[in-house]
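The following pair of complexes shares a single chain, chain A, combined with chain B in the former and chain C in the latter.
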Partner chain A sequence: MRKTTFLGVIPLLAPVQLLLLCVVILPALYVVWLSFHLSSFGQAPEFVGWQNYLRVLSDPAFRSAMWNTVIIVVVAVHLEMLVALGMALLCNSGVKFRRFLLVAVLAPYAVSEVVAVAMWRFLFDLDIGPVTLALQALGLPVLEWSYEPSHAMIMIILLTIWMHLPFTFVILYAARLAMPADLYEAARIDGATRLQCFWRVTLPLMGPAIIVALLFRYIFAFRMFSEVWLLTGGGPARSTEVVAVYLYQEAFSYNAFGTASATALLMVIASLVLASGYIWLLRRQVKNAR
Partner chain B sequence: MTRPMQMNRRGFLASATGTLALLAAAPALAAGKVLNILSHRVHQAVLGEGEGDLMAGWKTANDADLAFTTFDSNPLMDRLFREASLPETEFSLGYMVDNRPTSDIARLFEPLDGWQEKDPIADFADLAPGLIKGMTIDGKLIGIPVRTATQALFYNEDLLEQAGFTAPPATLEELVAQAQKISADKIATGMVLASDLAVFPVMFARAFGGDFLTQDFRLLPDPAAMEQALTVLAGMFADGSLPRSYATTKNDDQVTWMQQGRAAFTVLPFARAAQLNNPEQSKFPGRIKAVGFPVTGGLVGKTPMAAVVEAWAMVIPANARDKDLAWSYIRQVSSPETTLGMALNGNGAARVSTFSDPRLIEKNPLAAIEAEALANARGAFPPFPEAARAQALLLEEVQLAVMGRKTPAEAVAAISERVAPLLP
Partner chain C sequence: MADLRLTGVKKDYGGHSVIKGVDLEIRDGEFVVFVGPSGCGKSTLLRMIAGLEEISDGTLDIGGKRANDLSPRDRGIAMVFQSYALYPHLTVAENMGFGLSLRKTPRAEATARVARAAEILQITHLLDRKPSQLSGGQRQRVAIGRAIVREPSVFLFDEPLSNLDAALRMDMRMEIARLHRDLGATMIYVTHDQVEAMTLADRIVVLNGGIVQQVGRPIDLFRDPCNAFVAGFIGSPRMNFLPVTVDSLSGGMAQVSAAGVGPVAVAAGRITMPGPAILSIRPQALKPDQAADRSPLHGHVVLLERMGTETVVNLRLHSGQSVLAVVPGDLELQPGQDITFSFAPADVRLFPASDLPDQPGTPH
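Let's look at the complex of A and B:
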């Protein structure tokens, strides 16, 4: 058999590496370079050192956006995980109408984000929204999402969970399907209750899948833009603005490319810090599995 | 016997090459030249199409076709400036809104004074002088005005009659009273305004003789007027004359609310009249009318209302490939006959004489009112590098005041404190 050398595989790998270099690495390096410059249309970039970072970090709007992002990410991702886990176990429990349930959970992934947000805006419209009218008819409080900042945050969290549930669900459902049935049979013979089966068998074995899903969702959720931009636009009075919306405004409304680039890098750092606990757990699991 | 058609590798390659060659040659077969244009959809629409194509003669005479790439306002400006920042662009013409050209931006575009001297636009003096001034940056003319959008007060005559009003409001106080009664009688919401545009608080401030930022960069020249404006808006929100969803209402929502009869009043450009009364979209075709925005009672007959006007101009990027063709297009589009044609298609004219043309008056009953409003109109604020950020700060404070989270006085003080450092 012919021995594969490093030089021999380079031509095979080069196209992909070149593509990555062009569409990921070079633009990323450009953003780093830009973050140290004052730059806008019609201006030659001017080196300003850390000034862009200081300006962003000292901006109350950025700190508020970062705080909003952290709240939405932490609450939405964990609630979504619980719902997805519940749905995965329910679908696996031999419940009736399983196919209907699967379609209901997966359907949001087939809907475009813009359409989904427009639909939610209509459903929860404060004057004519069917959900609002139904809540009023039942004498329940309505979600005043365009007036009350806390209600707007709840609305964004609900929308995010609904839109991204399919992703988390698919990972957990696949992990649950891959678990051998004889483990449960053995547990039952040993006298384990349903709850004990869940704590001692299901949860430990689904742990790696849960961590992977959480990690991905943390990183994706931190980039959240369309839900907020299309639903509230960051309002009322910038009270629901998230970091991605702040970045968009800096880059495309104010044409301040330096501060926008600095915001982007701060966003990457913050999402890594927030997800670091799960990264550490994942590394430990990988190490233990060896 | 017929042989079944088989595709071999050679045949496939030949067909693919032929198809690609045809596709590549298609534009050349269609017309000798193509003028690539960056614009809003509305700029393309008002030029007409098919038999009503106002540019048909120009296309034939120049053996050229037009290729429009259209965007919404903000993405359009972003793409236009991006293209103009490149070493060369295939977009030889763009449409720019008048609150964007700062000195830095203006340098990206071709000065047009030389072109006007060499190959002048017909009856250039008829183009509104104020609009020409707005496109003259550092002494250089960089754009030829083509569209104006003057804000008007639209009202639903049907809803007003249901509330017992026989005429639209003549003063700001009457406007507020009518909106309050219509809301209180549960006929509809009194007024709908978007919360993401500076136009509306600026209109209310001007109705009291104030402003946000003057053309010579005086911030809040009359703070009391802005405070009165915010007090009125906050009062309307508190009593339900403005919708509870005010903070998330957008420009398009204003149109649908009026078309559906959910609101009795709104502020939109005159050119929206056709859309608001379109029988295919509106529940009240022919019943949604417009007047100039009223001033407060104390200023009637003393200070005319300075409505907000937004103007668009045609510009040529300095790095454009085909400036000759672009200038030829500008000359044609800004000619008196094309300006009238576009006005008949719903475009706010940039020529003064167009508004008094009998053909426009016959088709558009609002032409005379629009001309009157335009005579005193000015932009919401002048262009400067931090204008977009200043607008965002203004809107944030206005929203806080309208929703009752700050008093109007606190909001006005905050506007003054936060916007001042951004001014040139």
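Let's look at the complex of A and C:
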């Protein structure tokens, strides 16, 4: 085989590195620079130090947006994980209509986010929505999501779980499919009940897949935008705003690019803090698996 | 310790019959090997004894107790899988003690039992490793250790050595034989390797097409196979089958002949009427000489396999039939050379032609 040197490889890597530099690294550096400047249309950026960060952090709207984001991330991602795990195990258990189940779980990925939100708005419409009418017919409380903030949050959580279930499901289902059947036969002969099989064999072996799925979903959920923007627009009265919506408002409604950039960096830090526990777990598991 | 009794045991998969009625008694402490070609139902039968497959019909008694509906853990069995089936996230010690921890055995006792089993198998130094850090042979030892720790009354082995290389297979074979001697437990062992069957078994059960063909001591099966299938399956290289015609029968002897064979009088066996039959001759029963009391086979050498201790001669008879002969020592022969082998009438068996519907004119 021909010996490859570092210098010989650089020209081959350069196009990709250049692309990454242009679309990721330079913009990111620009955002960092911008976050320390007062900037708007038709105005030369003016250095203001940490003032943008202080303004954002002391803004009650930001704090409420951050709080909403954390609630949605923590509740939605974990609920979604439980549902996906249940579905993955169900699909693998030799249940009837497995193909139908698979299609039902995966279908949301085939629907564009905008269409999905429009669909849900119609389904849960307070006057003519089929789901609302069905809930009423059964004498159950309806989701008054267009004017009741807590109901709107529930609606956003349900929507985001439904929309992203395919992602989590596919990762977990693949992990479950990859587990050899004779492991379970050995466990049965060792005397494990179904519940013991789950706790002592399935869960530990699916651990890495679960954590990878959780990590990705934390990151995706933290930058959630379209569900909220299209469903409630952050309303009523900014009560369901999430950080990404706050950022959008700052940047494109108020043209305050400095504070928008500061918000973006705060999002990065917050999601890192939230995900760090899982990153630590993942590193430990990878080390254990060796 | 326990004896097993299978009575009319059957297995159907949606109308497709895999085990077609097996009656078998396995005594306490016996080493029984199920042997047969792929798809003969030997693994299915073992899994039915383990409780991993339901029994469609018939009864299975373990230790005098009906076990058809018992769950695997209540049958007092332990099983060693071909793929080892070790839990990859647990250490060797945890793998071996898994069953004990499920039953909440006190920690001190569990540790002692694992240590004892590890000592028997000489894997004490591996106890803290993960399965991924072990070689194939070591993994199989751990799998056997996991079975020992449970102190079962019946050990079940499902082709445990198939994934190992030849040298290791021989070592592990001896290890399992030693284990059986030391533990004195009932062992049922599934394999398609007749060397394993011959060397390990107290008794061999030959299966084909979901039916027990013959049950007996290895040497009895070798010397006195009850049909052409068993004759062809036990022994290596494979038995030679020659199509012959039975001309007459008298006093338990049959006068047979074919192109290039006989006429010669051999034991009639199951033959009751003159007509076509199969004459089976072990390759080792053919000798390159022509004593007066032996019957000759004339042909020419097609291929020679010189193994040093023995020579495998592939020869073609004048009738066009291929025959294998195994001769001790290194034989000075050339391919193409004409040669006459001979057999003693007492060394051959006669089977009905119906035993081999697709008459194998050519062995192998």
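We adopt the following convention: the second predicted complex is superposed on the first by the 290 of 290 C-alpha atoms of A that agree within 3 Å, B and C clash if a C-alpha of one lies under 4 Å from a C-alpha of the other, contacts with A are read in each partner's own complex, and residues count from 1 in each chain.
Here is the rule we go by: a residue touches a chain if its C-beta (ideal position, glycine included) is under 8 Å from a C-beta of that chain, and two chains touch if they have at least 3 such contacts.
These numbers were taken from a predicted model, which means no experiment stands behind them.
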Chain B and chain C placed together on chain A: clash or fit? fit
Output check: A:I189 vs chain B and chain C. Expected answer is one of first, second, both, neither. What do you get?
second
- Query: First (chain B), second (chain C), both or neither: which does A:F6 touch?
  - Reply: neither
By the touch definition at the top of the document, which applies to A:F97: first (chain B), second (chain C), both, or neither? neither
Winner on chain A touched-residue count between chain B and chain C: chain B
Output check: A:D127 vs chain B and chain C. Expected answer is one of first, second, both, neither. What do you get? first
Overlaying both structures gives a minimum C-alpha distance between chain B and chain C, in Å, of 51
Chain A residues where the chain B and chain C footprints coincide none
Within their complex, chain A touches chain C through residues 180, 182-183, 185-192, 196, 200-201, 204-205, 207, 288-290
Chain A residues touching chain B in their complex are 40-43, 121, 125-128, 144-147, 231-233, 235-238, 249, 252-255
In the complex, chain B touches chain A at residues 74-75, 78, 81-82, 84-85, 102-108, 189, 195-196, 243-250, 262, 385-386, 388-389, 392, 396, 399-400, 403, 405
Residue positions on chain C within touch of chain A in the complex are 50-52, 71-73, 77-79, 81, 83, 85-89, 98-99, 102-103, 130, 132, 146, 150
